[in-house]
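Here it is, the structure in full.
First chain written, first letter: the chains are A, B, C, D, E and F, and each begins at residue 1.
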Amino acid sequence: MRLAHLTWTDIAALSTDTPVLIPTGAVEQHGAHMPLATDTILVTAVAEAVEARLTDRVILTPTVWLGASLHHLPFPGTLSASFDAYHLALNNIIVSLADHGFHRFMVVNGHGGNADSNRIVLRELKHQRPELTLAYQGYYDLWPAELCAEVMEGPDRQIQHACEAETSLMLHVQPDLVKMDRARDDGLRPESGFAGGIWAFNEITEAGSLGYATLATAEKGKRLFEAAVEGVTQWVESCANGVTLKGIVGSGTI
Amino acid sequence: MRLAHLTWTDIAALSTDTPVLIPTGAVEQHGAHMPLATDTILVTAVAEAVEARLTDRVILTPTVWLGASLHHLPFPGTLSASFDAYHLALNNIIVSLADHGFHRFMVVNGHGGNADSNRIVLRELKHQRPELTLAYQGYYDLWPAELCAEVMEGPDRQIQHACEAETSLMLHVQPDLVKMDRARDDGLRPESGFAGGIWAFNEITEAGSLGYATLATAEKGKRLFEAAVEGVTQWVESCANGVTLKGIVGSGTI
Amino acid sequence: MRLAHLTWTDIAALSTDTPVLIPTGAVEQHGAHMPLATDTILVTAVAEAVEARLTDRVILTPTVWLGASLHHLPFPGTLSASFDAYHLALNNIIVSLADHGFHRFMVVNGHGGNADSNRIVLRELKHQRPELTLAYQGYYDLWPAELCAEVMEGPDRQIQHACEAETSLMLHVQPDLVKMDRARDDGLRPESGFAGGIWAFNEITEAGSLGYATLATAEKGKRLFEAAVEGVTQWVESCANGVTLKGIVGSGTI
Amino acid sequence: MRLAHLTWTDIAALSTDTPVLIPTGAVEQHGAHMPLATDTILVTAVAEAVEARLTDRVILTPTVWLGASLHHLPFPGTLSASFDAYHLALNNIIVSLADHGFHRFMVVNGHGGNADSNRIVLRELKHQRPELTLAYQGYYDLWPAELCAEVMEGPDRQIQHACEAETSLMLHVQPDLVKMDRARDDGLRPESGFAGGIWAFNEITEAGSLGYATLATAEKGKRLFEAAVEGVTQWVESCANGVTLKGIVGSGTI
Amino acid sequence: MRLAHLTWTDIAALSTDTPVLIPTGAVEQHGAHMPLATDTILVTAVAEAVEARLTDRVILTPTVWLGASLHHLPFPGTLSASFDAYHLALNNIIVSLADHGFHRFMVVNGHGGNADSNRIVLRELKHQRPELTLAYQGYYDLWPAELCAEVMEGPDRQIQHACEAETSLMLHVQPDLVKMDRARDDGLRPESGFAGGIWAFNEITEAGSLGYATLATAEKGKRLFEAAVEGVTQWVESCANGVTLKGIVGSGTI
Amino acid sequence: MRLAHLTWTDIAALSTDTPVLIPTGAVEQHGAHMPLATDTILVTAVAEAVEARLTDRVILTPTVWLGASLHHLPFPGTLSASFDAYHLALNNIIVSLADHGFHRFMVVNGHGGNADSNRIVLRELKHQRPELTLAYQGYYDLWPAELCAEVMEGPDRQIQHACEAETSLMLHVQPDLVKMDRARDDGLRPESGFAGGIWAFNEITEAGSLGYATLATAEKGKRLFEAAVEGVTQWVESCANGVTLKGIVGSGTI
């Protein structure tokens, strides 16, 4: 169900066990060949396809389109939230519904720059409201681990920014907004040894994209998109069914 | 032009004199008969119609849909920003573009609850960046003053919340989301003498709407909508042409 | 009763149903002819006259004199709160008393620049403490709607800033602080079509005042002042008597 | 000069070397015998007497009456700023004038609870604007060190809260607001060894006052008041004359 | 060089090209067998060993020991910063030095819960001060990728929380603080399908540790520790030598 | 007991009546002859000596080393918290433990610049959690009042900054970090009459120290140190024994 299209009386009639799916995107530069809203368009398309499958098993909110994109601000047209603004917005959405008893919130992300923030918002909420079930994933975290290696052709077989994978997704989802004639392979990286650098995108790209955008095709995009929809659908279902924990053993937080 | 659909290189090619139009809406209860996104749907429809007329004379941003709706939170489904969250988001959008030289920002509003906040954000920005040209109006402030009295039939001939006027607008813009069978005339007001009360909507309505929703028709909505589009179009044009001030005399701020 | 002059034991002996009246003013430029504290002087004079009439039916707090006056800061001598500072101060005053059970708070304003902020503070409080009765009005909102047209002579018959009306009020309330020889008619406004502009006062005035100050007289001021006192008195009484709501229908917030 | 009574053009005509004197008070319980505004009344009376002596050698702002009084909030009628609210307000006042070139700011305090905050605000400002000359003192810090021992009779010969000294000052300054029949000797302190305790005043007093209020007289108050006025006058003059530093050696901050 | 032990004149004599290494740890529960300061002890030991090797090629600051540990607060003894507190502290440290011209800052982390925050602080700083070179890594990110698989014996061969690896590190670094008799294998995880859950540690552990602590040995710890020191040393050197970027292609941020 | 070295299960086994001792220091310039961490080193040494005496009657936390040192930032190497950052950190430490029932918190300070802030944090906490017992003192406030006059030889017999007393303390506690050949007598003060000035240390010192550092000896330091340890020990014991209040009369807060 799309929350935006329901009335408050419709919401009041739902089970508060229904998971709430919150897509987070961005409006930021995506190279010379892709629209500023790329991340928002893609995560919304995935989320709406998931909603279409699960119908009354999920509540889909509008997409948080003002993302954490400070690192793209050197390129005009990028609209970025400050971290505080982003954190407050996502927190407010969840609290608005949690105050009415909803307790399962799943944040699905389409913009890597939101990842740290999404986790921080959820962690802070978990501290304040330990009874909530909260989860965060990028749609690209939920397709099979080996998928990029299979689908992509370029030397760097992971999804990056306005790259082969993301451009392919847009060619599948909204091809009229992609200008393939402007696509270019782009990206700089530090000499070996210097890891974890925090860069602005005007330092590490020439025109804003990272990777081999010229290799993008709608066919590749279709495979990735369908896998994302499948992955997110299963993820939401696993929550709708009720999460149970079993011992032993966890997964990597120190 | 819709910013969301442009690339950063498209934005870089524009004159920074181009006015930026920022619609602000809400996702909040609109009675039992209208969808939660009503304000966002209407202001977006108006703004897109304006953009369609002015094309390259305006940059239209995505709509700020997380509004200042604390007074509607008692109704489930309402998603409200805190005032801080709302102020930061609108500020961030403007600053992102002002840092690249854009200097004309026009905020068009579809949710009365945003009005105070929109003015505060712009006033604070004006203090920080006196060179900017900033303006705020509701789309309903820009149609002829006498229009409501002409178009509406009920005893309260002004636009309120989920009322005759707003329901009519939705019947024109997106009728499939209106459930007229659930519409009701609703609203309470204080005995005479007590003005300026700050109310939550569960205190002053029975089911969330204010006014005579049962009188709404698509025809009335069409007249209001077209007048709003005309009003906003002229308003944006007045800015695009360059604003000049002349003496004497102002209009009412003490 | 003036809170400032009571002891805490006096306050402890009062009914917590007693309305609390909080005046909000400013210390900001008022042209070359009026003192910086004009708004504070006027709203305090009105509020004290109301208190003198209602005596034990109202608690009058000291006037919040540090107003939201960013738009007047280009003129030296203006002291302005940031919006955050103003919001916190007004909130703190109310919460200090609400924590002891007082539940009726009426903010009477003498500076238009505080209006948005006063509403926002009260709306946020209403969300946090729904049991409170909260109201906001300018003293100039509570005199008869047609009064300015009757009393004023200049072409712009509404109260503005350091104008015919406000200068008249000061000539009645504290004439020794008005320098009529420096008064001037002043003010600029945009060409038709551009509404809702957010201006600093050095853009829209030459010396800080808006309107026809030269037409001010003490006699006009007396009429306005007495009407303001009467209006605020009735307003406070309507709250002291207990506010009741009745259907149908509301008054204009979308 | 009193800033409140000047016009902006008067301020614009002043030398920006003129020191600005900012009184800080409170509206908080002062026992059963003294009014809530005691601190504000006293510091304002001292500051106005200083202004009357120095006339055009000082700019006196209105008194910051909403003090840092959290520790008095258990008593009804106390109005307290949060620390953030207090810090912002004092900062805003100084910045408003510093932006027009004034550079000498002297904060004179009448409420011990403001002392930490006054220093913090000035220290933060000093960091941001190293060119400013900033100073803070209570009016009671500026009379001769031995004065209390000479004037007071009770066993605790220092100024405290609603005590012999402060009550005497009020009997001199505004005797109609003092109810000596309600005065009482009051106050608790910890057994020896436990220093630096942070108390609320309902823990360490029975009715809100600390010390021997019953010993207060107007005559004692007159001596203290005149010494305070003399001390603050000399202090402001030392700044108006320009502060020079000479070696060796400082005064006690580690 | 350890900043803490230098004088300001020593710092003033350094090249501002010298990288600044800032360790971030925590004081939080580490199961029944390890001390609260485990993360701080380990990251400090690694950082000091690196400093001992690089001597005048690096400035080592004290360790930020108040970490982002909200998820461990259900266990007593845990001291956690709020996210805001943590962000401000790390920002302040860097800005203090950047204002004197230092421009290379490397944050080495010993507590996974700080990772999101460290990146956010650096990203915000990068936006404000684009000239800085900023990098973030956990010490455990900088040993060879295959090391855990080689060294560890339990079924989960990655470093987690108070696990086989971390306990081994402590047995090497400060064995007197480890109580192996209390160590236990611990940890719960969700049934397959539910990824990205945000948990408090009292939900996913029985006594606070994740993994196979009982398999820990000092010998394993020695191998991990030395590899961490080697990895961090090379990382700092890569920065001290000056980072250069080359095309094509980046590393994974969407 | 040192909290850092305990496990959470150790903490869980303690009486929540046990006082928590929190040392606060700084990393800031201490002249050309003393290390940046001087304040942290000294307060930690005092606190650890106290803990060694009281063992299980006190819980000692790690030292807050990032102090409120804005006034020392003009000297490179100083690391200063903003006031907000400092306030949050100290608040967070106390709240982390108070949420588990600990209710006696004693902040012992080694850096005068933290004094205002320590009091403010505790006062705000006292307002929020009136059940807590909170106290603040510098270690130098707890030795006998006459000690400095007895031990010191220079003309200014009080502890200041990097002065005779503080340098002596370091010569006793960590002599290898003191460079006596660089010590100098230093400090400027305003001509008489100007009290309460807020200075940056580059204004009132030539090389960062205040007082007669050249007179420092390890023997003087030993006497001061032992007196500080004795004073803090008794202070903590007075709290561990339970604080009782008796009338009459208080100690000096207006």
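For this structure, a couple of remarks:
As a working rule, contacts are C-beta pairs under 8 Å (C-beta built on N, C-alpha and C of every residue); 3 or more make two chains touch, one makes a residue touch a chain.
As the structure is a prediction and not an experimental result, all values here were calculated from the model.
Chain geometry summary: the mean Cα position of subunit B and that of subunit E are 48 Å apart. Chain centres here are Cα means. That of subunit C falls 55 Å from that of subunit E. Averaged Cα coordinates give subunit B a centre that lies 27 Å from the centre of subunit C.
Listed for subunit F are residues 73, 82, each touching two or more other chains.
If you draw each protein chain as a dot and join the dots that touch, you get one closed loop, with every dot joined to exactly two others. Here the chains make one closed ring, and walking it from subunit A through subunit E gives A, E, F, D, C, B.
By the touch criterion stated above, subunit F contacts subunit E in their complex at residues 3-12, 27, 29-37, 40-41, 61-62, 64-66, 73, 75-82, 84-85, 88-89, 91-93, 96-97, 99-100, 177, 179, 182, 207-208. Those residues of subunit B whose C-beta lies close enough to touch subunit C in the complex are 39, 68, 70-71, 73-74, 82-83, 87, 110-113, 115-117, 119-120, 122-127, 130, 133-138, 140-142, 154-156, 158-161, 166, 185-200, 203-206, 210-212, 234-235, 237-239, 243-254.
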